[in-house]
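Below you will find the structure I want to go over with you.
Each chain gets a letter, A, B, C and D, in the order it is written, and its residues are counted from 1.
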Amino acid sequence: MNKICTGAEEAIRDIPDGAVLMLGGFGLCGIPENCISALVKKRVTGLTCISNNAGVDDFGIGLMLMQQQVKKMISSYVGENAEFERQLLSGELEVELIPQGTLATRCMAAGYGMPAIFTPAGVGTEVATGKETRRFNGKDYLLEYAFEADFAIVKAWKGDTMGNLIYKDTARNFNPLMAMAGKITIAEVEELVPAGELDPNMIHTPGIYVHRIFQGKDYEKRIEQRTVLSKK
Amino acid sequence: MAIDKNQIAQRIARELKDGYYVNLGIGIPTLVANYIPAGINVVLQSENGLLGMGPFPEAGKEDPDLINAGKQTITTIPGSSFFDSAMSFGMIRAGKVDLTVLGAMEVSDTGDIANWKIPGKMVKGMGGAMDLVASAKNIIVAMMHTNPKGESKLLPACSLPLTGVRCVKKVLTDLALMDITDEGFLLLERAPGVSVDEIQAKTAGRLVVRGEIPEMVFG
Amino acid sequence: MNKICTGAEEAIRDIPDGAVLMLGGFGLCGIPENCISALVKKRVTGLTCISNNAGVDDFGIGLMLMQQQVKKMISSYVGENAEFERQLLSGELEVELIPQGTLATRCMAAGYGMPAIFTPAGVGTEVATGKETRRFNGKDYLLEYAFEADFAIVKAWKGDTMGNLIYKDTARNFNPLMAMAGKITIAEVEELVPAGELDPNMIHTPGIYVHRIFQGKDYEKRIEQRTVLSKK
Amino acid sequence: MAIDKNQIAQRIARELKDGYYVNLGIGIPTLVANYIPAGINVVLQSENGLLGMGPFPEAGKEDPDLINAGKQTITTIPGSSFFDSAMSFGMIRAGKVDLTVLGAMEVSDTGDIANWKIPGKMVKGMGGAMDLVASAKNIIVAMMHTNPKGESKLLPACSLPLTGVRCVKKVLTDLALMDITDEGFLLLERAPGVSVDEIQAKTAGRLVVRGEIPEMVFG
């Protein structure tokens, strides 16, 4: 059992054109920077990307958009990205917008072997178009299907050689959910430690869900909205 | 005179009760955190995976791994907890959050809300708004009474694509505080110096005015 | 906001006859010993208990069965309990047996605001009787409804004054799931600490799900099957 | 001669591949852990919430908070992880567990399994068995070929209430190793000294015998 890769290039080596990818992160927080760089370098194209956001013009998934590697984005919020907007309006890029909780739960459903879930998000709105609605206890819910991806690419804070992952603060977000939903799950971590060094009670993603792991490098961790207390 | 966004936040803060778990949307709702009354403990939920959001960090102490749903750098209070986005929306969907405050482009007199899309303009996405409005037990909308063109944002029916249906319980604008009832917007309080006639004139949806309407008081 | 109780008696003070309870634990591991003792002392009756197991004759839920406080058990496995068997065969006790994963997921569904879930467990068996079956991707699933309880009673290792909980080892089991599913959730913990002492990244049950908490005492932690390595 | 339960465990252990995640049921399946071939790393899942189950503890080192699905005190290996029962059955349901080994009272020649209930006797419950058999990619049943009365447990159809339908892939008994195929039980190996005729006589379901059937070899 060897899950360890030397780096992002090896970890993403077999991602083909046209693959369906999940990419963890919320905004620019907790995104798999190393794998995104490697995908940009590899110039794999025709990708469907399931990710809560689409990065900004010069960081995150924005870097892949810049090279027109993405055919379709499935996201909940895609603002703050001029090139994205241009491709969308020109018809080069397909976009499916879904509520954030629905996105999260559809990933979790795949990891839990549940083919579909019920959520009230979007009932009575255009999101409900063409979807099955069902009433439980007097409230309407939409039937939403589990999301699966050929590759799920996530970023964690610490990981071990068995693939166990721990996330830090709000960089957790979609990462543990997508980690469960990949046919192949690739994890990049800030610190890779030998099996046995992480407290088994504190594992967020058990290694069974992780197929490849490597210690990333040169994390920029860009801040999108730097806000500080104003001086009194 | 119409109240400003800080006064809107201040007035909404009076709706908070001790022990509330509260989700504050982006914009004016975020300001509510600055006006939590003394002696009242509330826990702020950030739907990207945090209970116990604190104030913005001091300059130099920003942590890129610690942001709120508006992608702003933040801090945590003692007793906070982090979790993934499925659990975050799980607790929202299960009605564990006591109060949700968010902005809107339009609200109907039956409680429909539109706040995510303007057809013909660039669409940015609904983020977590549809999940929040579909599940929150108690939703207060904080917004301007009219749009920049002077048109009412309180309508008989929303003209923009909906975010949620029959979900808003209360609306606070720069002019008035209203409950949403079966009869429409029930006027509860006026901004200081704003007349009922002005509120009536700027409310396109059904407005119910019953008896004397008190003015909001700001200390 | 004060969630802290002086002890089990105060925490369970308003549990009425006929209440629907969830009780955490797997076998005798991670069971809320203090609350069970208090329920036995209070002699509240007519209870419906949702718990993976029913304890043994002289420990756990078995103590409540001994006093005939339980009207109905909803469990996945109820062996190892002679008094339970007697009451079941005599018709004094009603029992609903459901697959363990279904039980767990129905609790989680309540905590996640999902009215129902799909699971393949029990398809083609007597468990499927009267249930809706639905095919997704060529496989059949049962529709199973979320479980809610008037009171969920759980046991954690550590807790803080905000109600945040951390469990230890396999004593976690059903506890975090049931903690999410109670209209009122009561947590007994081995160690109660001030808010801020637990690492916010390592919380298993966020305090929003917990209404009452107290530091338990005199834990027996009985072992059901003591097994050790045979000496070579 | 029929093989004993340790030999059954030993033979099943040869089905393990490096990197497998394995769920071992109560009884004979538990013994498989004692025969994991050298050079092969497998991770044992215990459905009460553990990946990386280790051997029983030394006397005096039992921890009541650390048990397996059979409620036995156990230990963990380095790199183990704990999780709740929903995630545990989630990973089972999602097919992340590579191999499940469990006992049975009856198996049909179409892969149905009955192992939880005998009508008229005290019913203890299915525990996690129905979840496991409904979702596992690869299920091996380990059991005796006949019941204490000498009746075949390999049947055209189960007579006892089912645990799962068309799910078993392989059966290993004290007499034989068989695949379950569209044609029925396909005989793969015989216990040392046990004849095909004996296996045939003790198999009530369809048995397919094709060519020479090798004997199992134990080192």
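Some observations on this one:
Throughout what follows, contacts are C-beta pairs under 8 Å (C-beta built on N, C-alpha and C of every residue); 3 or more make two chains touch, one makes a residue touch a chain.
Computed from a predicted structure; not experimentally measured.
Comparing chain pairs A-D and A-B, the larger number of C-beta contacts belongs to A-B.
At the far end from subunit B, in terms of centres built from Cα atoms, lies D. Averaged Cα coordinates give subunit A a centre that lies 37 Å from the centre of subunit D.
Spacing of subunit C relative to subunit D, judged by their CA centroids, is 29 angstrom.
Averaged C-alpha coordinates put the centre of subunit A at 33 Å from the centre of subunit C.
Residue positions 76, 82-83, 86, 89-90, 92-93, 135 of subunit D are each in touch with at least two other chains.
The multi-chain contact residues of subunit A, meaning those touching 2 or more other chains, are 105, 112-114, 119-120, 167-169, 172, 200-201.
Across the assembly, chains come into contact as A-B, A-C, A-D, B-C, C-D.
For subunit A in complex with subunit B, the residues that touch the partner chain are 26-30, 52, 75-79, 85, 88-89, 97, 99-105, 107-108, 119-127, 157, 167-177, 204, 221-229, 231.
Across the interface of their complex, subunit A is touched by residues 105, 112-120, 136-137, 139, 141, 145, 166-169, 172, 200-202 of subunit C.
Subunit D makes touch with subunit A in their complex at residues 18-19, 21, 41, 43, 45, 51-52, 76, 78-83, 86-87, 89-97, 135. Within the complex formed with subunit B, the subunit C residues making contact are 1, 110-114, 160-162, 164, 180, 194-196, 198, 200-201, 203, 206-209.
Residues 46-50, 55-68, 70-74, 76, 82-86, 88-90, 92-93, 112, 122-131, 134-135, 161-166 of subunit D touch subunit C in their complex.
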